[in-house]
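Structures given as structure tokens follow.
Here come two complexes built around chain A, the first alongside chain B, the second alongside chain C.
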Partner chain A sequence: MKYDVVIVGVGLAGLTAGLRLAQAGKRVLLLAKGVGGTHLGGSAIDVLGYRPERVEHPLAELPDFLAAHQQHPYARAGLPALRAAADWFLKLTEQLGYPFTGSLEDNYLLPTAIGTAKPSALVPQSMAAGDLRGGGQFAIVGFRNLKDFFPALLADNLSRAHAGQSDQATLTARAELLDPPGLTEPDLPPLDLARAFDRADFRAAIAAELRPRLKPGERVGFPAMLGLREPLAAWQDLQARLGAPVFEIPGLPPSVPGIRLYERLKNALSAAGARLQIGFPVTEASLAGGQCQELVTSGASRPYRWSGERVVLATGGIASGGIQTESDGAVREPIFNLPLAGVPADDTPRFRPAYFDSHPFSQVGLEVDGCLRPVDAAGRAPIANVHAIGAMLAHAEPWREGSGNGISLATGYRVSQVLLEEKP
Partner chain B sequence: MIEVDDVRLTLDHCVKCNICTTFCPVANVTTLFPGPKYVGPQAERYRIGDVTPDHSLDYCSGCGICTQVCPQGVKIAEINNKARAKMVGGKISLRNMLIARPAMLGQLGMPLAPLSNFVLSLRPVRWLMEAVLGIHRDAPMPVFSWWSFQGWARKHPAPPQTKRTVVYFHGCSANYYEPKVGQAAVAVLERNGCKVIIPPQGCCGLPLQSNGDYENARRYAKDLVSRLLPYVEQGFDIVASSTSCSLMLKREYREILDLDLPDFRRVSEHTFDICEYLRDLYDQGELDTHFQPVNLAVPYHAPCQQKAHGMGRPALDLLHLIPGLQVIEMDADCCGTAGTYGYKREKYDIAMAVGAKLFRDIQATKPELSVCDSETCRWQIVHGTHLPSLHPVELMARAYGLPMA
Partner chain C sequence: MDNLTAEILVIGGGSTGLGVARDAALRGFRTILVEKSDLATGTTGRFHGLLHSGGRYAVKDPVSAKECIEENRVLRRTAADCIEDTGGLFVCTPWDDPAYGDEFLKGCRACGIPVEEISPAEALRREPHLHPKLSRAFVVPDASIDSFKTLSANARDVEAHGGKVLPYHRVLRLLLEGQKVTGAVVQDVRSGEERTIRADFTVNASGAWAGQIAAMAGLEVTVLAGKGIMVAMNHRLVQMVVNRCKRPADGDIIVPIHTVCVIGTTDVRVPDPDEYEIEPHEVQQMLDEGEKLVPGFRQARALRVWGGVRPLYQAQKPSEVKDTRDVSRTYTLLDHPAHDGVQNFLTITGGKFTTYRQMAEVTMNSVCHYLGTERPCTTATSPLPDSETGRYYWLSSRLAKREANLHTDQAVCECELISRRRLEEAFAQRDSTNLDDFRRQLRLGMGPCQGGFCMYRATGILHANKAHSAPVADAAICNFLQERWKGVVPLLWGDQLRQSRLDEWIFQGLLDVAHLPPASQDKVP
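And now, the complex of A and B:
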């Protein structure tokens, strides 16, 4: 069976590229070793959060940022593609019933599960009321048997972090702890709580308990588990029942917002005629005439071969195995053995002493050309029909820049433009 | 040859991301099962000898979805399967001994088929079976055929001209319960120039393996491999119509039952799912694609064990070749029954809750019938949707205009 495009990886980058291509009528196959990054992160689209001081207006600062980072994945995708991708994503999530909100002009400043503040450009609508800019009064709600979310820690840290910033409006935060009615497991799984919030009776019971305890003017933060199947309706209903703005705070994996997004993107892909095969680790590729002919996956007793006119590699960075590291420090891209950029020279340090420093090793990845094809040091693409997107691209530090999902969205969108021969 | 993993060693790759738990169909409907991460890589660290932290492992249905979605390559379902066998420790209940022997039940029930089916359809009998044996009164037990596929095959004349020879592994279900699936398989293979050899064959042992009886599963496995090996040595391929049974031949004998021996490897290398085999013919330009239009919209469910073959969706690839046929792949992961799991009194409700989404989605397409590669899944889907469910080759036989379909 021959496909127009075979995409390897089902994180946000692969899903974005796959969906745009399938919706444009391409025959698309997505292969993945397992389920990807959507289930791990908070699902907000961070575009540019720090450089290194906090960024309030990403679009305004991106030209300067790119001038200073000319090899950055954003520079390869181009600003027009990033803007188009953001518009597309906002429209798409609206259509899929899980609307995101925001823009590239302004960053939200949203609380994390430990009460730090994180800048994000596009966020699920149900998170937006957590915006800390301008201060406010916050009630953070936790559940006694939900072990990975501590409202007191969150509220204290929010208050404390804000106390030092005298130039900003006042912010108060306090904690509320509830017993979720009917959920008596000693260690409550996040999905059980999310499914309970899909039920109107559960939301009613929570609201009845909580509403009398709220103070006038408070905004109410919950762990991001307000519904799994119909999160928009669940959030709106809870807000109405509490008579106060409600917002979700993402936390540890598994990420309920990520699951909502993944399920919807997966169904949209399927509706657009794409084939999604999970549990298909690509082990090698066959090449001929400078082109990838086939990707090979291992089955139960024999290898299987998948061929596409074009191949899009979206297997992630070091954390996802898209780039492999050996115990002696050697790094390689395991499918094509593509040239890697940013590898520190043998006699230079790979890591700096402090955890949050800029580590030379962390920028290792694939260098790509304007068509997002991996290139060698001389700028030549060794395999003409292979493209690479997402976290495996070199010269980015998503955790320091606050750019992770932004890079995946922009490059996933851009590669679809390249393959559809659309103008940037 | 794809080598098998040392199942237990893969647990060190677990990063505790919990992706498996979010996909586990059982953990998603009951709190009795804490999820694959917990009973798999987590609890396995504490299993020494026959000691196990708790018995919630018994609620794993063995569907294997956890292994498929794991981004780190942990063999979660396989860890659980082996741990269950240790936990059972050879002490198999009468119920599990019975439901794990479909061939024996077939040999008992089929000769008296009208009577045995009638008796098994009586509510008081099913109540009694539930009370005495623990087989749920509503579980979709298969209906005995009045005649065996083997009996039919012995009288079936070989086509005069053939291009290739294959061995058909029909398994218990086609022999005792659904001989029409076997007939369709033979007809479609013969239509494509195959001489089909149907040797005497026993059960693959999967139900025994799933119920933790490895000793008897290995006995069945050795018997089956010894029957198939002579044909493999002549260079013939084995083609199977049950994706669960063929997965045993391909990988599970080697990986779960630790029978990674030369004879097993040879049989493994030569075993094909029937849709996989036919898709290979298509890829080589050898498949007869003269299909008559079948003007139907049919929902297709890829069974969990089918997905574990790692071969993609050959049934979909083939059915797409039939003009007029619109095939809708279902998004639900599991039908719930997982072989014999859904028959059990304490698990029937879980199995039905797992399958509920699939049943709903199938019914929402308002189809005449559904399509699925595995027999116990088809029986469960029929039970849950009240609609017929066919093997993909039955639909192909119909599109070829072959008489038995």
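And now, the complex of A and C:
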């Protein structure tokens, strides 16, 4: 059968585009070699965090930011699409039972697992009480046999970070270490802990041990592992049992909040009639008349061929394999061999000697037109029915800008508008 | 800080210095060793890990070849726990003249190196990834040796025999009484404190830096620095050491060591042993040469690149040396009392890792002569700590150790199988908060993930168990990220670049390490 749209990649960008299109009645197929970036990141939607000074009000600063970065993916998607995407995402996650909160007007300032105060626009509700703006008293809870979360270091850095702030609000942070009841293995897997928090008896035991140790007025931070299947209920229940605001702090991959989001979006896609084919990489594409006719995935027994009126490429950046590099310096987009932008000239270095510097090669990616179709240096789209979204787009530095999921959400949303012929 | 006295002061914490210090301690001398940085940070920790059979020098440099095979036998007896008995092959690829094989055989036999020619088919049976059109192959007793382990065992033995090993102590000046060296003033580079070490005899074992130390006694010693680069690939593409059967040249050897294999090397003279760059064309050259031995070499993931400087002693003026490859790989003991009139001071330099023990023996024999005492050397027969059983380590030794505590201890570093208890012990034993020191000691962060996961954990454990200070912990992680970056920048393509971007995702996207509170990106000494 011929699909209306075939999307390659199931990170936030592909899932966003797929769900909007499926919910609008399009026949949608998602192909992916495996799960995407949702399982790696912290799941917060960072829109604009640094430029390079910390950004407090992203929406207010975006016009100025885009004036200075005219080729940025946000400029291709447009601010109206970003705003509509944010509204859509907040409503969607509410409906899916894993509500996000926040707005593009103000960034939260949330603790990372090492204790940096990081700006994010939209965050899972269960993280919002970690907001460091205005100070407060924080107790950070870790587990002795969990190696991916160090509450003492986190709390020390939070206090330190705040000491450098100009405002007068006070912030105190301290650590509590617990032994998770019943989970006695020396190397506790994060997902086991998350599943344990789905159980009321486990939450009750944790609360019984922790509550007497809490000081009045403290907010309580946990590693983002408070439940996998029913995280909203787990979080609410734990708050009630502790009698204090509880918040989650994302740690190393695998990302429990990302898995929660991914599972819900995937189920919503299936419910909306989309088909997901995950586990087989797209190995080649056949073209005719300047159009993509078919995509080929390598199955276990034989190659499978898929066709769609439109193809949306959402295979991610270098980290995800959407853009590949070779030992002789070659850089390519492996499915369509699309032209790449931002590749430094042969005689200029791709990376700088200092790790935290901005590296020229970081901005490599696909250049797209206003319809998010990949274009060459002359501005022509070599394949008329292929679009590209997400981390594979050129001219962005997601970690330095604090724009990672924001780009995926905005461009994923925007491509759905293009394909549905909605006005931006 | 307290001043110290010793009978023997050794300057330099590489293989030569540790070898001399252990030799002295075993002869019953009160011994102190000082090193300006961590142990094995000069040339010793920066080679490919080859225990020479001598085959490489059998044709061109027979003196060096004989030293190598003698010491190969000694180290197999005394340092077994640091050696993997891989065996070695010399092969003629389609780019090499098969006739050289006859010279090679003759050379090996003349130097006493056991050598056996095997058929190309047999070579390919043993090493299936080798070039299928190789014309000749020779088996020799090459092996791989872990220099960090070897030095650590030497240092432990020095301390077990009452000696002291002081890393991060830089020599500021030598103490001179007339024409006699009576010790040195050293500075703890971490605290800035100075202390005086008085010694009956001082040995300059500072390798490529020997000229700088000798100058403090008013002596001119010319040690050329020959830079070699090495690239570690993320697979054991070969299980034996594989050499090109031709005259020594760039990229002519692949050494399997632990879970990787290392291709080396180059030889470029550099003016300063502390200042050299790794050029992109050098890396490409290694990959091209690798392809000739193992077709498809480029497809493997390159993990790390590093450079080391060979100390090449030269009696000639440096301007007369055209190619550092033509300088002999043998070692030189400079007898300053006899030739320069400077008493109680010797310089030992040149040589190779394989011959470090013999260099130490020769040096301490001379020291004993000058001190007027007869104490026999015992290092040729006394095994290093943990090598007493004579059992070589093997590829899965670390896994076997880890399996013993699989159900009772956390894995902090999954790539290199480092348990939490092991890391905490190392933190407790060592006066350091520099994670790079623990990388060298434990292989922390050396695996394919390049520290992406273990580095946050190690920082958290460092903070909780030892530093108890966020600025120290933050500086440790920032410093480690920078150090690791230095090793991977020239290799950022393919899966290694992917990994690097994933790590960036973790450190910058998720942890936002770049925006840690100020004063945390300071360098740790």
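Please note the rule applied: the second predicted complex is superposed on the first by the 420 of 424 C-alpha atoms of A that agree within 3 Å, B and C clash if a C-alpha of one lies under 4 Å from a C-alpha of the other, contacts with A are read in each partner's own complex, and residues count from 1 in each chain.
Definition applied: a contact is a pair of C-beta atoms (placed from the backbone, for glycine too) under 8 Å apart; a residue touches a chain by one contact, two chains touch by 3 or more.
Worth saying up front: this structure is predicted, and the values here are computed from it rather than measured.
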Are chain B and chain C a fit on chain A, or do they clash, once the structures share the same frame? fit
Touching A:L40, do we find chain B (first), chain C (second), both, or neither? both
Does chain B (first) or chain C (second) touch A:P253, or do both, or does neither? both
For A:A384, decide between first (touching chain B), second (touching chain C), both and neither. neither
After superposition on the shared chain, which partner residues are touched by A:R54: those of chain B (first), chain C (second), both, or neither? second
Pick one for A:R160: touches chain B only (first), chain C only (second), both, or neither. second
Touch check for A:L191: first (chain B), second (chain C), both, or neither? first
Broader residue contact with chain A after superposition on the shared chain, chain B or chain C: C
With both complexes placed on chain A, how many Å separate the closest C-alpha atoms of chain B and chain C? 5
Set of chain A residues, in rising order, touched by both chain B and chain C: 40, 185, 253, 321
Within their complex, chain B touches chain A through residues 1-2, 17-19, 21-23, 27-28, 31, 34-35, 67-73, 247, 250-251, 268-269, 271, 279, 283, 307-313, 316-317, 329, 331
Touching residues on chain A, where the partner in the complex is chain C: 37, 40-42, 50, 54, 112-118, 145, 147-150, 152-153, 156-157, 160-161, 163-164, 185-187, 250-253, 317-319, 321, 324-329, 350-351, 353-356, 361, 398-400, 404
Which residues of chain C touch chain A in their complex? 284, 287, 298, 302, 407-412, 420, 453, 456-457, 459-461, 463-464, 469-471, 473-474, 477-478, 481-482, 484-486, 489, 492-494, 497-498, 501-502, 504-506, 508-518, 521
Where on chain A does chain B make contact in their complex? 1, 32-36, 39-40, 185, 189, 191-192, 195, 253-254, 259, 266-267, 270, 275, 277-281, 297-304, 306, 320-321
